[in-house]
Each structure stands twice: as structure tokens, then as C-alpha cells.
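Scroll down for the structure; my scribbles are underneath it.
Naming follows writing order (A, B, C and D), and every chain is counted from residue 1.
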Amino acid sequence: MDDLRDLYQEVILDHGKNPRNFRHPEDANRHAEGDNPLCGDRLTIYLKIGHNGLVEDVAFEGRGCAISMASASMMTEIIAGKTEEAARALFHRFHDFVTGKEEIEGADDEDLEKLIVLAGVKQFPMRVKCATLAWHTMTAAMDGENVVTTE
Amino acid sequence: MDDLRDLYQEVILDHGKNPRNFRHPEDANRHAEGDNPLCGDRLTIYLKIGHNGLVEDVAFEGRGCAISMASASMMTEIIAGKTEEAARALFHRFHDFVTGKEEIEGADDEDLEKLIVLAGVKQFPMRVKCATLAWHTMTAAMDGENVVTTE
Amino acid sequence: MNAALAEARPSNSAFDVEKVRADFPILSREVHGKPLVYLDSAASAQKPRQVIEAETRVYEEEYANVHRGVHYLSQAATQKFEATRTRIASFINAPDENEVVFTRGASEAINLVAFSYAAHFLKEGDEILISELEHHSNIVPWQLAAQRNGAVIRAIPICQDGQIDMAAYADLLGPRTKMVAITAQSNALGIIPPLERMIPMAHDASAKVLVDGCQAITHRPVDVQAMGCDFFAFSGHKIYGPTGVGALWGRAELLEAMPPWQGGGEMIARVGIEKSTYKGIPHRFEAGTPAIAQVIALKDALDYVDGLGMGAIAEHEAMLLDHAVRRLEAMDGVTIIGTSPAKASIVSFLLDGIHPHDIGTIVDREGVAVRVGHHCAQPVMEYYDIAATVRASFGLYNTLAEVDALIASLEKTREIFA
Amino acid sequence: MNAALAEARPSNSAFDVEKVRADFPILSREVHGKPLVYLDSAASAQKPRQVIEAETRVYEEEYANVHRGVHYLSQAATQKFEATRTRIASFINAPDENEVVFTRGASEAINLVAFSYAAHFLKEGDEILISELEHHSNIVPWQLAAQRNGAVIRAIPICQDGQIDMAAYADLLGPRTKMVAITAQSNALGIIPPLERMIPMAHDASAKVLVDGCQAITHRPVDVQAMGCDFFAFSGHKIYGPTGVGALWGRAELLEAMPPWQGGGEMIARVGIEKSTYKGIPHRFEAGTPAIAQVIALKDALDYVDGLGMGAIAEHEAMLLDHAVRRLEAMDGVTIIGTSPAKASIVSFLLDGIHPHDIGTIVDREGVAVRVGHHCAQPVMEYYDIAATVRASFGLYNTLAEVDALIASLEKTREIFA
């Protein structure tokens, strides 16, 4: 059960049940739909990107498991106010981290540190897609692609 | 080797090497092609059927294994001069015999008796088609079908 | 009602589930340190040693390519291969073994009909009716066929209890209906459509009927003649047989009129570079080297279930389903999807506030294997406006204790999410 | 020349055939009271216990349906299943494992390309070149595709020695040529066409090339990138793997442009009743439950031959072929069909005055399994104006003594016909 308690930490259950920024901002200028065909879940990510490339607002709607909802919710909190570039770079590191390509110990980056609660997913390879769906969808929205699927 | 000697009796080898009625009669009024897709062999049977339903002439051309050639050759000798009906009835009994449905001991029928040399085929189920190809083709010709395949 | 049914059944029936379990080597393994509780037979069933050994025996004793050789091994393999065709015919009461075509599975069988029958005999504007209960394998092939010939797909809707909306079905049937493709049992919900009424109605409208028998054939006796359908498809792997093999049954007169679909060895009479002629049925539809060892071992799977008796299996599984339904209904916050009583061996449900995906992960750690997701039946999910369910499906080897283990693992899930 | 080659080869090479034979349970059996001499590997190869056990292990230890489950067994089976894809990619040096599509065998792989590529990208009047050496499985699918889209099939002729007529091939290639479908080795004669010249010529004419690698892959190393083809098809059962599985390799950019062929579970992204969207490659082409256990065990077959070394296997088989050819040439009245030196592991021949079918039956009683007939290559037979040949084909487990047993059984045949 330890792996499970790692996966379903309080923070995650809380974000899963009470997702932050769960709304459709009227002034969003980018959006994308993310599909997880394995479980049929679907999220929409909305972004408002300023002239300077700053993520001025980020929100999401949709449904999914606790992991994907928590990951989406946490993502919206973390990338708001960042540049597009910084958001992408963060996803890159986060991705390497949950797929076990990179070890992250403690505090070399405050944002990544917040995401460490998602580390439990490493023990559940089938669930990595759930943890990264929102992020893939966010970069798709930035790229102007409107649909993304994680197979 | 006994089964083999039964299958390849002198009479059969002789008919196989020197098939009787191996020709294309110009006045044939029925013919059919018989195909054995397993080995790619093909025979044509030619019949001249008189007004009275009598098989006035029967001949064949084509290529095949010793069994199919011998069976065709012997068939032409036996059915010449018979009525269509008698020829079909003979095939029927011959078929039951080589497929093991009927036992034929000795001389209840002089024509069948001649065919008993083909009895060895019973031990070689894959070769039954070879022994019956000419006969199937003969009945197809009588029925006005021009191509027959034994699968 | 479920409780009543369960009580009416003798608890010590002739069906000896422990003896059965001993035939299935995998059932004695552990998963995450817990005994395996395999409740995913609707996705694929486990295999008894009789089947496993049959496949091994082919390779060790009598293996060669079939149909083309005069040598001993080839004849022996061909004979065994064809014996399965005969066995399938008797198992589903087909009038003629030549009406049985071997395929990789139900999906390929349905594709065969969609390509060879639908694509040739349906015209622009003709209608293909498929129900909202269908597995994707009984939807997508028809869509692909319809794209080619301009036929139209129409959905037979379902009701809130998961059963076919028969009034809507009657309305949909009409002179344009040329094909009705319907499952004999929903893999997502377990619901059993009333084929005994639906097939005659289709025939009255002069439509042909393909029955997807993938689930049904594993749970109760099948008689294609009594059923009256025109095509019947199933997969070996769901009926305790090997993977890689399945079959299509079709009425001889329909199969004979159908052009070949795939080309290759075995299915031809004579090949020229530009033109070929084809064999008769069933060989015309069996291009290339078939799944020889798997076809042969499929016979052992059918012998196995027949040995236990499809009736006894149905009864055993009904007992499991009743128990599961009762225990689920006794839990708070459980919603069962598909409540029609015409249902077998499968229960699909939701737990309030916990996503099926999370449930699947958590119960797995308890050794309990259930399927979570859309079960390749997205139109069903769309109807209920959900993305996924948890599905527990029962096979002949499951026990009441395993149902209890499922319930206990669901309680654990709730603790974690409490 | 054959003799010279044989003598140049060390008689006690590193290849230990007796050790290899011990891996193949069936080889110790008798047929008609004589030791089995299996010379029919070109039709289908026997299986080493490593492969048989691998399939058994799947069923006994880690079986479940793949791709759809979060539970342990499903994950484990999926991982093993996908590991074979990776292994195939490395075995044929494909740049990307996603370019490997699982099929039932080579025939289905070729049908896939014929339906999905040819039927969509070829137009009326476009030409498909196929050689007269082809197996029916590399002829009939193209004919069926051509019937649908009005493309034209043209035959690349062969010469008296069984080799491709390269001048005629050069003449046939032109602006209308859109597809060249060619075998890497004739199953009927053993002839190896000069693909290293043929493929660049086809590409110069902007045609795509499908290589039928069914025979070639079992006899020598394959490198699809070095070969430069666009598609490559092979069957598991010929390379000592299970029946019911094979693969298509295709360039990613071609596969990605191709529409799905069969519909079903696994291959979709999202399904509505009227319309669906499809997954990317390779899953788009894998409809329905695949041959799970067979795919997994195919990896063990590839590991097995790789463990021996494809180079060592090629050398061993060349020795057998040389010996067979020398001994056949030393017999009276033997005609070898296909005398080009570019040839491996297969010898097709005639005995004066004795039909191949009779030979097959007689040598079988001596325990010798050879194939007699047209070998699913009727255009070759037509070229030589014969109905059938006797074909002895060698696998990695055959011995020089078995070649001698073949010759002895042919002598017996002649006695019977004397």
C-alpha cells in the first residue's frame, strides 16, 4: 500500500477533488483538447498569452482521474505568470522526471519541487500519461494545435 | 513398402506410362477440364454421346501423376459403350469404394473388379482425389459443366 | 430480485469450481504479493492446461503447413486443423462445416463481412443499423465499408437500463435497411439484447443480420440455426482458447456469393499473373498460412467448456453476478450502469467521486484485475455521459470469495479517497 | 562450381547441428517407422522448445489482453508484446519500431499494403510490376487491388535459369510504374533476385517497392535500410516462430499517409456511431485483439536464430544445398529447375518420367517430407511448362545425412517405377 499512499497523497486528492482554475476564461486566446483514449478522458486547456509571451491566464475544463485532474490543477497554478518558454522548459523537466529519466532531489527549482508530489506515478507506468496529459495539451495549445492524443 | 506396392501395381504403372485413349477425338460432343489445384494437374475428358445416351467414344488429354493418369486411362476403357447412366452409377460405386464407404470383394461387377487395382489409394487419403479426378471430370462433361476442381 | 434468484439456486451445485481452477495454471499466481483475482475475462479469458498443452502438442508432435502437402505431418496437421472446423460447426449448430471461416478473431470476421458482403451488396443510401451497445469492432468496419459505397450507418438507441430501445428499432427498420449488426451481449454492460425478436424483425424488412457473438458464446449455448442470424462472429481467446484465432460463420448461400477479400496462398484455384480463379467456401476466405496451432487448440477449448456444460457454466456465472450485484448495491455511492435484468457475467459500475482509472490502479495492488475505461464501446459511454466505468467480468473459474475480494478492494479504495 | 564451394568450406564449422536439433522436439519423432527427415521448412519451419515454452509461459504466467488495462497482467503482457516490436525493428534494422505492424503473416501484410496503399494511391492505368517468381500471396492481393482501382498488373519475366530478366525489367519500368512487388527469395526455386539493383531502378522510376521477405529472412541477415525497400513483409512461422503471426515493416511517412484497412478495437482514437478517428502508426493498422502469445513468442524465435547467428545459419544451409545439388546432379534423369547460382536453401527438381506427386508419396514412406506441387507459384510453373516440382528445402536443423536420406528415397522411387 505504500506505493499507493505515495501516488495518492493528500495534496493530490485535494487538487483532484477541488481543482484550481477549473473554468473557461472568455478572453483565452489559445486552447487545445487533450484526449486519453485509454480511459476516454478529455481535458481542454485555455491559455491567455500576452504580447510579451507571458501566460497571463491559464485554466482548464474536463474530466479525468485524480492524477490527471491534480496535475492539470497544479499546472495552472504553476505556469500562470511564466513565459511560454519557461512553461515548456518546466514540462520538459517534469516529463523527464516522471518517466524516470531524471532524478530530482529537493529544491533546485521551486516549481519542480511542487510537482514532486506527483513522483509516485513513477511506480505506475500506465499512469504517466495521466500525469502529463494536461502538460501535453498546454504545449499543443501554445503550438496552435487544437487536438492532442496520448496513446 | 507394402502399401506402396499396393498403390503402384504393375497395371497402374503401365496405364500411367502408356495411357489408353490419350487423344482428342474430333467428333466429341462433350468435354470438361478437371483441375487438381493441389498439384496443378489438369485433364480434359472428351465424350461422344449418341442419341440413345450411349458413350460412343471417350478419350482424354492432360498430365498428372501415375494414379490420375492410370485412373483416367482405365476409365476410358471401361465406360466406352456404356450408357451415361451406367457410367455415372459406376463412378458412384467406385467413389464409395476408394473413400472406404463400401467394401468390394471380388466379382459382383466385372467393371468394378478391374478398378480394384486402384484400391491401394485407400491407404493414401491425399491421393483419393488423384484417383477420382477423371471420373469427376467425366460426369461434369455429361452435365455440361466445362470446368471442375477437386479441392 | 437478484437476492431471490441467488437464494433459489443450490449453493453446492454440480459445478466444482475448485477442480476447474486447478486446470488454469495462471490462477495460482500472485500479483503484488496477493492472490490473483482475475475479473477481466470479458477482455480475454485465461487458458486451461488442456488448451496450452494442445498447442504445444502440435508443435512437438504433428506440425507442418496445412492443405498443401502429401507428406505425413502435413496430412496429420491438416486433418486436425479441419477437425476444429467441424467442431465449431457442431458447437454453434451450424448446418455445414464449410460455412465456418477461420479468422484472427471476431474483429477480422466482422471486417470480412463488411468488406466482402457489405461493400459488394450494399449501395449508396442503403442503411446499416448498429446498436449503441456495440463494441468498436462491430462499428468501425461498417463505417469503413460505408465510406466506400455510400451506405449510411444508423444507430439503434438504447434505454436508460442499457437495453435496446425496441420501439426505436422498429421505426428504424425499413426498405433501406440492408444489414443489422448487433451484439448478442454487450461487453461493456453485460446486457443481452432480445435477438429472438430483433432478428425476425430485420428479416421481415429483408435485411441481413450479423451477430457479434464474442461475449455471448462464452456464457451460454449458441445455436445459429435457432437464432436465425445470417452471420455470427466470435474470438477464440475469449472462450478459453489461444490468441490469434477466431471464426466467422455465415450462411453458405451468402458466403458463396461473396467475392474474396484477402488474396494469397490457400484461397486460389488457379493463378495467372493478371487473373486468378478462387476456391469455393470456406477456403476462398482463408488467404495465407492460417494460425495452425491455434486453430487446432481451439477445438480443445470448445471441448473443455462443453465438458463442463454451457448450461452449468451459465448457472455458475449467474450466481457470481447476482452476488456481485447484491454486494455492490449494498455499498454506498455505487451506481451500476446497465440495470436491465437481461444480463450475464458482467457488471459495470461507478463509485461516487472516484474515477474508474484510480479504482483500477488501487484494486490492482490488492491483486484484483478489473477493466476500467470505455471498454471499446464509446457510444455506450456517450449515452450515459461518462468517460469510463469499472467493469468486473466473470469466467467459469471465478468464485464467490473473489467477488468478496473485489468488494473489499473497493472499500480500501474508498478509504484512500476518504 | 558447387563442389568447389563445398570443399572450400570447413567440414567442422562452429555450427553444431546436433546441438541445434536437440532444441526441436519434433525432430526426434518417426514417420512410418523411419526417422523424420523434414525437408519442408520453406512451407513452414519446425519450432525450437525455446519458442514453444515462450508461448506456454505467456499463458501460464502473464496473460491478459494488451493495451487496454491498468492491471498488472495487462501491463506485463503489453510490455512483452511491445518488446517484440522493438526486437523485430532491431532484427531487420528498421529505423523506428513504430514502423512495425503485426499481422497474421506475410499474406496479410501484403494485403494490407495492397488495400491501404495501392487502393488509395494508385489510379487507373498505374502499373504494378510483379515478377513471375512470386508466391501467390504476392500476386493475388495486387490483382484484387487492381480490380478496385483500375491499375494494371505487369509481369517481370524470368530467364531459363530462374533469375529475373533484368533487361525486360528495365524496359517495363516507366512513368506509370507505381509499385514493384518482388520477392527477396523465390519459395519455389530458391532463386534470389538482385534486389540491390532492382530497388534503385524502381526508385529511379519513382515507384515504391514492397519486398516479400518470407523466405529470405529465414536464411540470411536482413537490413531494410541497406536494402532500401519501402515495405517488407514476413511470417513468423517460417522463421521458427509460432503460427498466426507475421509483420509488415513500412516507412513511417508512407504508413502515416495510409488510411486504416480493418476496423476494430485498439486502432481507434475516438468512436462515434457514424464517424471515428484513428490512432497513429502502428496501432491504426492493428484492429482487434492481436495474436498476443504468438507475438510474444516470436521474439524468442528471433533471439534463437540470432543466437546461432544468421551468417552461420546461411553457411550451414549453403553446405546442405551444395551437397544436395551435387548428389542430385549425379543421379540420372534429374532436372533441377532454377539453376542460377544466386540461390539458397531450396532445390526444386524433376525426375524423368515420374510425377512429383508420386515421388512425394513414396519418399514420405521413407520418412522424408518434401513438398510436391506448384508451391503456390503457378506463374513459375507456367514459365517452365510444368505442373509441379519436387522441392527439398533446408532449415538450420538439417544435416548432410538427411540430404543423403533424400537421395536414397529417390532411388527407391525409381526402383518402384523401374
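Rule of thumb we're sticking to: a residue touches a chain if its C-beta (ideal position, glycine included) is under 8 Å from a C-beta of that chain, and two chains touch if they have at least 3 such contacts.
As the structure is a prediction and not an experimental result, all values here were calculated from the model.
Could you run down the chains that neighbour chain B and chain D together?
Where chain B and chain D share a partner, that partner set is C.
Using CA atom averages as chain centres, what separation in Å is found between chain A and chain B?
That pair's centroid distance is 79 Å.
Roughly how far is chain A from chain D, centre to centre by C-alpha average, rounded to an integer in Å?
47
Averaging only over C-alpha atoms, locate the centres of chain A and chain C and give their separation in whole Å.
Comparing mean C-alpha positions, chain C is 38 Å from chain A.
Tell me, which residues of chain A touch at least two other chains?
38, 126-127
What residues in chain C touch two or more of the other chains?
In chain C, the residues touching two or more other chains are 68, 70, 268, 270, 357, 361, 372-373, 378.
By the touch definition up top, name every chain pair that qualifies.
Going through each pair of chains, those in contact are A-C, A-D, B-C, B-D, C-D.
Under the touch definition given earlier, write down the residues of chain D that touch chain B in their complex.
Answer in residue numbers: 353-358, 361-362, 365, 372-374, 378, 381, 387-388, 416-417.
State the interface residues of chain C toward chain D in the complex, per the touch definition above.
Touch residues, chain C against chain D: 25-26, 29, 31-32, 36, 38, 40, 43-44, 46-47, 51-52, 55-56, 59-65, 68-74, 104-108, 110-111, 114, 130, 132, 135-137, 139-144, 153, 155, 235, 237, 242-245, 260, 262-268, 270-276, 287-294, 357, 360-361, 364, 368-373, 376, 378-379, 382.
What part of chain A is in contact with chain D in the complex they form?
Touching chain D from chain A are residues 35, 37-38, 125-127, 149, 151.
Which positions of chain D touch chain A when the two form their complex?
68, 70, 75, 268-270, 279-280, 283
Quick check on the complex: what are the chain A residues that touch chain C?
1, 3-5, 7-8, 13, 17, 38-42, 63-67, 69, 124, 126-127, 130
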